[in-house]
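Per-chain residue numbering starts at 1, and chain names A, B and C are given in the order in which the chains are listed.
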Amino acid sequence: MISVKNVSKWYGSFRVLTDCSTEVTKGEVVVVCGPSGSGKSTLIKCVNGLESFQQGEITVDGISVGDPDTDLPKLRSKIGMVFQNFELFPHMTVTRNLTLAQVKVLGRGLEEATQKGVKLLERVGLAAHKDKYPGQLSGGQQQRVAIARALAMDPIAMLFDEPTSALDPEMINEVLDVMVGLAREGMTMMVVTHEMGFARKVAHRVVFMDRGEIVEDARKEDFFGSPRSGRAQQFLSKILHH
Amino acid sequence: MLAAGLQWTLIVAALAWIAAFVLGSVIGVARTTDRAWLVRLGNGYVELFRNIPLIVQFFVWFFVVPGVIPPVKRWVVSVDPLTFQLVTSVVCLGLFTAARLAEQVRAGIQSLARGQRDAGYALGLSQVQTYRYVLLPMAYRIIIPPLTSELMNLIKNTAVAYSIGLTELFFRTREMGEMTFRYFEAFGAATVIYAAIAFASNRLMALLERRVAVPGYIGAHK
Amino acid sequence: MIADLDFSIVGRTLPYLTGGLQYTVQITVVAAIGGTVFGTLLAMARLSALKPLALAAAGYVNLMRSIPLLLVIFWFYFLVPVILQSLTGAERPPQIGAERSAYITFIMFEAAYFCEIMRAGIQSIPKGQAGAASALGLTYWRSMQLVILPQAFRNMLPVLLTQTIILFQDVSLVSLLNVTDFVGAATKVAQRDSRVVEMYLFVAVVYLALCWALSSGVRRLQTKIAIIR
């Protein structure tokens, strides 16, 4: 589904990504982790073209992301993305947040879009808030709405960029529960996160990045059992204290 | 008599504001795109209209443009002086204020977190759609305070149209003073009127700000 | 038509035009300095605990900022002689030409704008600074003079300079009172020699070049200051 081949990105003399390659097959859940500054957010943003890259190739469902002829908006409408800072549109109600792209990008009727939106809100447990504004919701609630917003587009894959890093601890679980549910339904997911508990539960593979390179790319059992690289071991030992 | 002048002041200000708002928005947006030539063009426009005094701009539109562009001169000669003064004032003040508004719009859009733009694109919205539905609605709310002061500046700047003979409020004030020799009364009245207009526009914009406020946010921050 | 333009008039009257520009610069410098001093005092008045003083200062600033500069110029043109008359007890108001009343006008007008700038600057200094100063035994005036104001001034320097560039352009309005500033000089030449198009084009270009250079300089200063902090 998602194929990243030898991707490199640099700013002048500063290399952000160096020769990164990985795959996410349909239905697979891949967790990307690593210390800050390792380039993991940049990598995931390259997958839907929010960040450009100078070298390499990325294809999603057979469509090349870096190709100038690709219809990027159309491709992006098929890939859902959830951001660290939720990024709900503050001047719109929750419902409108969910229906805007359905109507304007997918061309669905407003009735149909609203119904779909409300159903998804029920699924993430927030149907009662459909007419509220994002500013009136807590962080955890906003992030769940953000996930619903992405799902409303019926994506073939979902990208998560540190979805729980900006949340207070007591709200992390409500968001992770939604994500676990998604994974169990067979959604193709690429998740940048520090939440190793989540990785242990539903990830199929774990990719470890450091300083712009993919250092390790292993099945979950292998990664947590006996990681091969020293840097990965260091990282794990530091964060597995919770 | 002052009332007639006030009427022209308000008409010129209203027309110039509409023109300036539209043009300023376009240029402001252009300066936030990633097309270098658009940004440069927008910046050039702002620099041009910000670095020449308003009265000099009035003179350029009133004297220089008809002087070097024959079709304009022909038009000028064919209409009555008031129309010429009116059009010149609206064009001059409109373009001048547009440069200042472009600056505000640009700052407003750029103050929004990059994430909002990313979120719009990630949903598959095109650049135009992202600006229209995501960025501009919030940017305009953010810049209501500086927009208010630009509106007040525009109203004050209509007085400079006095230099090309437009019979707006300041012109009438001076005329009244010269005719009646009651300068203090004339200028006093004008002062009160201008202050009142300033106060009224301030209140109007504050009302607008309250009406479009996004629940849960003060300005644009939680 | 463009071909008929004769710019030699500029060369022939250059000394006269330069004299006008000199006047503009003089007013700008005097008003910038005077306005900053008076504006700083106004800012302190606005921030003071004495309610009447704060209200009076606020009223003055808001009034100056609500009415057109042209109106302010005319007010001072009439008021300055009258005030001087009552101060000196003379029989008739002294004949102060518009050239000289303009100095007072612009100091008083710009003070309102510099006041707001300095007020923002003073308020941006962390409260701890004033606390530390008074803990060291400095009086209000001394701590203002030695601790708060120098920092506020340095922080707001780019904004103050930008306002000065605006002031430089605003001076051109005195030409409507027949004063020989840069625009006034150009207008007089234009009317006398019927070279309106050439003169105003020249003036526009000179202002554009000067102000653009000055504001670029301020921008560079801003980046330098940002680095130092």
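Couple of notes before you dig in:
Heads up, the rule we're going with is that a contact is a pair of C-beta atoms (placed from the backbone, for glycine too) under 8 Å apart; a residue touches a chain by one contact, two chains touch by 3 or more.
Owing to the predicted nature of the structure, the values given are computational and were not obtained by experimental measurement.
Chain-to-chain contact here is organised linearly: an open path runs through the chains from one end to the other.
Set against the Cα centre of subunit B, the chain with the most distant centre is A. Subunit A and subunit B, compared by their mean Cα positions, are separated by 44 Å.
Each chain gets a centre from the mean of its Cα atoms; for subunit A and subunit C, those two points are 55 Å apart.
Here the CA centre of subunit B is 22 Å from the CA centre of subunit C. Multi-chain contact residues of subunit A (touching two or more other chains): none found. The touching residues of subunit A, when paired with subunit B in their complex, are 45, 48-50, 72-81, 83-85, 87-91, 100-101, 104-106, 132-137, 149-150, 153. The part of subunit B that touches subunit C in the complex is made up of residues 47-48, 50-57, 59-60, 63-64, 67-68, 70, 152, 156-160, 162-163, 170, 173-174, 183-184, 187, 190-191, 194-195, 198-199. Here subunit B touches subunit A in the complex through residues 113, 115-116, 118-126, 129, 133-134, 137-138, 141, 214-217, 220, 222, going by the rule given at the top.
Interface residues of subunit C, counted against subunit B in their complex, comprise 1-2, 5, 63, 65-71, 74-75, 78, 169-170, 172-173, 175-176, 183, 196-197, 200-201, 203-204, 207-208, 210-212, 215.
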